[in-house]
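Here's a structure for you.
As written, the chain order gives the labels A, B and C, with residue 1 at the start of each chain.
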Amino acid sequence: MLKILKYSFYDLIRSRWSYVYFMFYLMLGIVLLFLNTDLSKAVITLMNVIIVLVPLIGTVFGVMYYYSSKEFTELLLAQPLKRSSIFLGQYLGVALSLTMSLIIGLGIPFVFYGLFKSNAIWDFSLLLITGAFLTFIFTALAFNIAISNENKIKGFGYAILLWLFLAVIYDGVFLMFLIVFEDYPLDKLSLFGIMLNPIDLSRTLILLKLDISALLGYTGAVFKKFFGTNFGLIVSTIMLSVWVILPVLRIVYISKKKDF
Amino acid sequence: MKKGVVLLITFLIFLAFNVSAETIVVCSSCKISSIKTAISIAKDHDTILIKKGIYKEYDIVVNKPLSIIGENLPIIDGELKGEIFTIISNNVVIDGLHIINVGSSYTKDYAAIRVKRSRNFVIQNVILEKLFFGIYLEKARDGKILNNKIIGNAVIEHSSGNGIQLWYSKNIVIENNFIQQVRDGIYLEFSDNCIIKNNVSANNLRYGLHFMFSNHDDYINNTFENNGAGVAVMFSKHIKMLNNTFKKNWGSASYGLLLKEINDAEIIGNLFEENTIGINIEGTNRITYKNNNFIRNGWALKVRGACYANSFISNNFLYNSFDVSYNSKLNDNIFDNNYWSNYTGYDLDKDGVGDVPYRPVKLFSYIVNRTPETIILLRSLFIDIIDFSEKVSPVFTPDNLMDNRPSIKKIKW
Amino acid sequence: MVTITNLHKKFGKNIVLSGIDLNINEGGIFAILGPNGSGKTTLIKSILGMVIPNKGTITVMGENIKHNSAYRNKIDYLPQIANFPSNLKVKELITMIKDLRGRTSEDEYLINHFKLEPFLNKKLGTLSGGTKQKVNIVLTFMFDCPLIILDEPTAGLDPISLIRLKEIIKIEKDKGKTILITSHIMSFVEEISDEIVFILEGKIHFKGTIAKLKKNTNQPNFEHAIASILIDNHA
C-alpha cells in the first residue's frame, strides 16, 4: 500500500492541479493577511473558505483522480497486489497531497506573518486540522461514489450533488425541521443532526473557538455540556474520525467486490 | 491684638487636640485585649491601634468618631455569630483589618462593616473573607471606601449577600476595591451622586455592579469579569459609564451590561469582550453609546424593545457572532460611523467611509430568537445565503436600521 | 496451468459467461477468439482476478485464485488500453513496476529492442498511442513469469514493432511458457497460436488447433472457418 501511496502522491504533487490548489491557498493566505492585517478577521474568512471549498475540492479532485487513473488502476490490479492496498494507496495519495497543498499553502503566509508569536495559533491550527479532516472525508466519499459509478458524468454529478447537499441543503432542511418542531425539546436532536454531516461537525468544532460566547447563550443542559466543556471538542473529533473511517472501510469493501 | 487672639486660639485647639487624641493600643498581651473595651474607654477622635493577632469579637458598635487602625492586618473573627462592626457615628476611619466569618441569617443582613446614618467615614485597606454582606451603607453620606479586598464564597444566590451595598446613601466614593464571589459585587439602591472607580468585580453570582433607582452616579475604569452579568443598571437616570471593561460574562442570561428602564445615560469608551450578550437593552431612552469596543461577543447589542432616541456613534464592532439583534421591525435609534468588522462594502472615494450602508441586524438573529437551538447553524453557508438575501431586500429586519456611514478603518480615540 | 470449472458471470442482467469449463495446459500459445461482447476480456479478467465470478472456480498453477493476490506474481499481463499516470516519466513507471514486483534486468534489453531510449525521460501523458503500447509491452515482458496474458497486443503498433513483438512472443514460447492471447487480427492469431478457444455468447464453441477447426468446418481458410461457426450458430 505504501508503494502505491508513494507513487500516487508523487504523481499528484507534480500535477498542475496540485499547484493550482496550492497557489490558491498561498494567495488566499497572503491576501487575507497582508492586505488586511487583521488576524482575527483572516481566521474567520478562512473558516468560511475551509468549510465550503475544501469539501468541494476534495470531492471533485477525488472523483477526477479516480476516473483519470482508471486504466492505471487496471494495470495495478493485474500486479500481485491486494485490491485494498491499491485503492487505499491511491486514496491516501490524493488525500495527503491535497492536505499538503492546504497546509503548506496557508501555512507559509501565516508563518511569515509571525503566527507563532500570536495567540491565533490555536485557532489557526484548529482550522488546518479541520481542513485536513474534511479533505480526508470528502476524498473518501468521492472515491466511494466513483467506484460505485462506472459512468464518469454520473459520478461527477453525484459527487457535486453530495457536496451541495452537505454544504447547503442539509442545513436548510435542518433549519426548517428545527423551526417546525420548535415546541419540543430539541437540543439533543440538534446535536445529533450535526453529527450526521461532516461539514456541520467541522463548523461546530470551529464555532467552539470563535463563537463560544454566543453558544453559551442557549439554556439546554446538553448544549451546555457540549459547548461549555471539552466534551464537545472530544465528541466532534471522534465523530470526524468516524466520518473518515466509515467511507474508507466502504472503499475496501466495495473494491473487493467490484469487477474491472 | 487680633493676631494674638488667633494665635492663642490656634494654640489652644492644637493643645486640646493633642491632649484628647490619644492612641489606645490593643493586643492579646496588652492591658486592653479587646476592641470593644478599647472603644468603650476611648474618647472622641482617639485612635485605636490593633496589633497583629486574632480577635474573636462581633457586634462591635462604633458610636463615637474614632480611627480604628490595624497593624499588619489583625484578624477579627466573628465566628459566624453576627455582624462585626456597626458604625453609628460620623467621622469614623477603619483601616487595615482582616475581618472573617460574618454570621449569616435569612432575616437579618449581617455585614462585616455596617455604616448607619453617618457621614465622613473612611473604610480602607480592609480584607473581608467568609462574609455574608461585606460593607453595608445605610443612609450614609460623604464617605469613602478605598483599597479593600472582599472575597466571598457565595454559591447560591438567595443565601448570600453583596460585597458593597449602598442603600439611600449619597456622595460615596468607592475606589480601588477588589470584590469576588459574592452575590452582587457592588449594589446601589436609592443612592445618588456616587463615584465608583478602578474597582475589579469578578466571579460574582449575580451582578458585578448593580444600580436600582439610583441617579447621577458615575462608574469609571472598573473591570467586571465572569459575573452572572457584568453590570445591571435599572430604573436609574443620568448614569455615566466610562472606560470600563466587561469581560467573559458567559451564560444563558448573561450580559456584559444590562440596561432596563434607564434614561439619559452616557456609555463611552468601554470594552465589551467575549460576553454572551455585550449590552442587553430594554426600555431605554436618550442614551449615547460612543467609542466602545465590542469584541467577540455572542451578541454585541441585543435590543429588546421600547428603546427610543438612543445613538450609537463611532463604536468598533469586532468579530461578534451577531452585531445587533432586534425583536421588532421598528427602529428609532441612530447608528452612525461605527466600524463593523463584518462590513463587506467598499470605499471608492477613499474618504474613510464605506459607500454602501451596513445593516447590522441579520435575519438569522431573528431565527435564533425564535428557535434558540438553531444557533448551532451559525456560520453555515445556508445561513449566509439567507442573510444575504435579507440584506438585499429586508423583509423581517427594520428597513431603516442601518449605518449609513460605516467606517472603513477601526476607530481610534 | 489454468483450470476453469463452471464459470458464470453476469453484469446486472447481462449474462456474459455461462458455464465455462476450460483447461489450459502448460506451454504453447493459446488464443481466445470470439466476436465483440462474447466474453473474451471478461474471461481473461476473471483469470486475473479483476472480475469476480458469480459462480465457478479458477485455479492458476494449482492455486485457487479467490481472495488471493500472490498468484499474480506468476502472471504477466498486457492490458487492452494502456493509460498511465500522465505525470510520471517512462523511466519512473518502469522503476515503479519493478519496485512493486521485484527486481529484473530484462527491461534494458526490451527498451533497446523497442527503441524506447529517447522517451525514457518524457512524461507518459505526452506519448503517442503506439509508444504507450510499446511501454506497455516492455512492462509486460520485463518479468520472467510462466504465464503471459496479452489482451489485444497488436493495437496501435507500427509494422516494425509488430515484428519485434512476434519475435518476443516466440522467444517466450520457446522458453516453455504459456501465453494467452486475444486478438481481432486473424492472420496474427493464425501465425502464432498453437491452439484456439472460440467463445460465443458466454460459452465455448470450439477448443483445439487451427487445423482441427478447419477440418471440423470444412473450410480451407481460418477466417472462413471462424465465420462459418458464427453463421451456423445464428442460422
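Rule of thumb we're sticking to: contacts are C-beta pairs under 8 Å (C-beta built on N, C-alpha and C of every residue); 3 or more make two chains touch, one makes a residue touch a chain.
Because the structure is predicted, anything quoted here is derived from the model rather than measured.
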Touch-based graph of the chains, sorted into line, ring, star, complete or other: line
Contact-richer chain pair (by C-beta pairs counted) among A-C and A-B: A-B
Gap in Å, rounded to a whole number, between the CA centres of chain C and chain B: 88
Geometric centre distance via CA averages, chain C-chain A, whole Å: 42
Computed distance of Cα centres, chain B from chain A, in Å: 47
For chain B, residues that touch 2 or more chains besides their own: none
Touching residues (chain side chain A, partner chain C) in the complex: 3-4, 7-8, 10-12, 14-15, 68-72, 74-83, 257-260
Chain A partner contacts - residues on chain C that touch it in the complex: 9, 11, 45, 48-52, 69-73, 75, 77, 79, 81-88, 92, 96-97, 99-101, 139, 149
In the complex with chain A, residue positions of chain B that touch it: 250-252, 254, 274-277, 296-299, 318-319, 321-322, 341, 367, 370-385
Chain A to chain B touching residues, read off their complex: 38, 40-41, 44, 47-48, 51-52, 167-169, 171-172, 174-175, 178-179, 182, 186-187, 190-191, 194, 200, 203-204, 206-207, 210-220, 223
